[in-house]
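Labels A, B, C and D are assigned to the chains in the order they are written; within every chain, residues are numbered from 1.
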């Protein structure tokens, strides 16, 4: 396993896409070296974006969280979330009726365009289930799992409306060795019980990559897909998605993939990054 | 779809296996005709067994519940549960150490042979996780889902011990149109997150069928597999399992499969019962 | 099931995307009404594209085939194939070494950018397997299945290189009631045996939709996603992909989905088109 | 990883079940030490059976093959095949009509009870497809894959009859590093295309274990499940099946699992043998 220094790789690319959790920060706070790397990209005039599978907060709220952690230079426009892709879908395809959501009220406020049309799914009255125009999985928090999961399954058995999963992640880390089941995992359970196809947003899907590239080119850059380096800690989201999009990919070992299991995971999944780096720290 | 009268079919067989829920009883109580059918089998000296995917109660408790509902003649020895198969496994293969269970204390008492060795999985101390010798999914009740599911996943990430699923059912009916996620559904979620193979007990697996047949032959009957009629309401457990075992199978339309969706489900799954009957009511 | 006349729907959209097989043509030739519909779009100045999961032929060859069938007005630039997406990936991500392909020599010539670097996978010498830089599934024809599938599996066991599936379709129709296993089905078999993640191109993935939209906007149109109507015969490719992209979708009943099974398939998959039309014939 | 000597383990058990391929023999012939181990069991009066996922040959033919390889003492009655389980199913459940098979004529002759009722599936006439009473996957040899797989899929689209898979193995070794797709792999492909549930026979299913145990007890032994040691080279068939049956299990490293990947496979699958031994050679 050839481990490269990120400093030697960055200059070869015209734009950098970062994953957030496991790359820039983790459960303990910032990952060492973030500020330097962000500053360095500014110095060499290489634009960047942060692509995160998250539907619990807005771009503004994501940016504020980085500032609270002490990082300068990650503005709302730098952040692309899977929640934004879900919101875009709802804007284009779901115009009328109530939206039933699974998640916190705050997530609904941030992600759903017209929050007044939205109710927690446990408030769906089965007698009037046909008023529902879409069901959206936003977050694993904000509800009692037993009541909400069962009410979701029973709602799905009554109405055939689009079901949107605004974050495909199955688990997320909450401590060094501990994880929590994430939105994507809860949605997958419901999907398997009702045997339907839900609409899922987030890496490895190409939509967030396209959005970030279009956004940069809309601001005057003239980027091809292989001008981009995607830096991530997870093979089957960041690296698989980046590879398929046609970007170059760098795996960092500060999150889901460790120095110990990296080669094994690469060999057993067939998902091969272009580079492997210890972290985003410029050495 | 050729619907037959159960009265015309029963006399051709030397033993009858019934599923319980959806065949003998449902969320409202007894299904009409049960007592007559049980009495008729006694009259014509055809033995029967009740094969149920359930790990929340003992044989005795199952028999008592039938008596409370007003049925005479279903004794503890008539009942075969998936929980019994799990208990047999634990007896043969897991001898030492603590068993961590997901379910009610009552289920643990009924199903686990030596209840003193068992603790609810949320009581597993990660520092001493290696004391655990097996993990057993018993029931969907008796715990907070979020806390228990997450603690189960994090325990599974620490220890590689046998994981036993004592009831494979994914959902169970709680009202005319409503279901609740069952033990098997919760176990399948955990299995998919940790990517391991759990050991699952219950129909369609052949173990309950073998157990019931061996039990009858041990009492002096001399039955071949095709002397048996399995009567059930669910294609992918009762009928698939009965067919594969080599028994004859009858689908009744008083539970999961209705007159409206029976043909569609048979055609789309490829699971074909030998007979279809409206119910077990002798007409 | 509300069946609409396509004539009433088309004028509401600023661009039309057609699937090819089952919409414009089938195993017997053209589907009635194609020329009229193409001409009508020209009259009302609505641009169109043909999005087809096919990696056996070039845009030029696809266009010529329509002309041979008697259709005027479908030029090479109108056609977007999954093979083009795969070629784009190879251009961006795979630069050196030999490409091993599964399919006809003609498909390799059409789809692979630099045909000289490509060999049929059966010609891979296991002693020099590391010379291979990518494996590409192109077509179900052009080889003996037993020899090629086994050689592919044994090559995959030796090298961990990107595997590209240039057409995700599992089956394709060859006569009124008959199908043939397609490239996607053969690739899925290999994927399941070696337990790796292949990179798959074709609807429902959003890449072909993005490509066609970018192409139109690059020619001076100013289209939003919901200005587009995707017309297709298959729920889990055309309709699911179109819906997720944010386009409007119309299901036609001249291919994989029939008037008889449409409602059932919609209900059982949860993939709901915005419109259902008998065919693309303007009535 | 604690590697034990098989000599120290055997005496603790009252019966031994061996897998065949990868335990007693491989592509090069016999595995060293087989004759000694068989003789040793005879000396200490411990009965044994050979449980093999194979539907291409009869018990007699399997026994003769061992004799050709130079082994004495493995008689036809010692051998239990997945093909026998499939034959038993056909006897109990499929009485009339034609059986269409996928495999060699020889396999059909060995496995199908009444060979006169059987035809290769390519001979099924779609006009008279309803004459077929069952479809049986026997072997990966004896037919052109393209023609037969496509004819099988098109037959399955016309008739809804029991489909029996007489060997669940997905691949089998043909040389040191090379495998061939097996019957189970071909059946799984067809199953995924037609989305039906086939009936599969072979380890890890408990039927072969039950059969062998009943057979021994029928000959006067008085064995419990945990009196048996299952020795195999494959975690997800021999060891998973043996464990679930309640037998003790020993993994040998002379076949699918090697000293290099054993610990990794055990950890990643959660299938844990009771013992690990280098081979069946008595040291």
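As a working rule, a contact is a pair of C-beta atoms (placed from the backbone, for glycine too) under 8 Å apart; a residue touches a chain by one contact, two chains touch by 3 or more.
Note that the structure is predicted; figures quoted are calculated from it, not measured.
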Chain labels contacting subunit A and also subunit B: none
Identity of the chain that, by mean CA position, is farthest from subunit C: B
Centre distance in Å when subunit B and subunit C are each reduced to the mean of their C-alpha atoms: 45
Chain centre separation (subunit B, subunit D; CA means) in Å: 28
Cα-centroid distance, subunit C relative to subunit D, in whole angstrom: 40
Junction residues of subunit A - those touching two or more other chains: 268
Chains that touch, pairwise: A-B, A-C, B-D, C-D
Subunit A residues touching subunit B - in the complex, by the definition given at the top: 126, 140, 144-146, 149-150, 153-154, 157-158, 170-171, 177-181, 185, 188-189, 192-193
Interfacial residue positions of subunit B with respect to subunit D in the complex: 88-89, 91-93, 160-163, 194-199, 205-207, 210, 224-226, 236, 240, 243-244, 246-248, 266-272
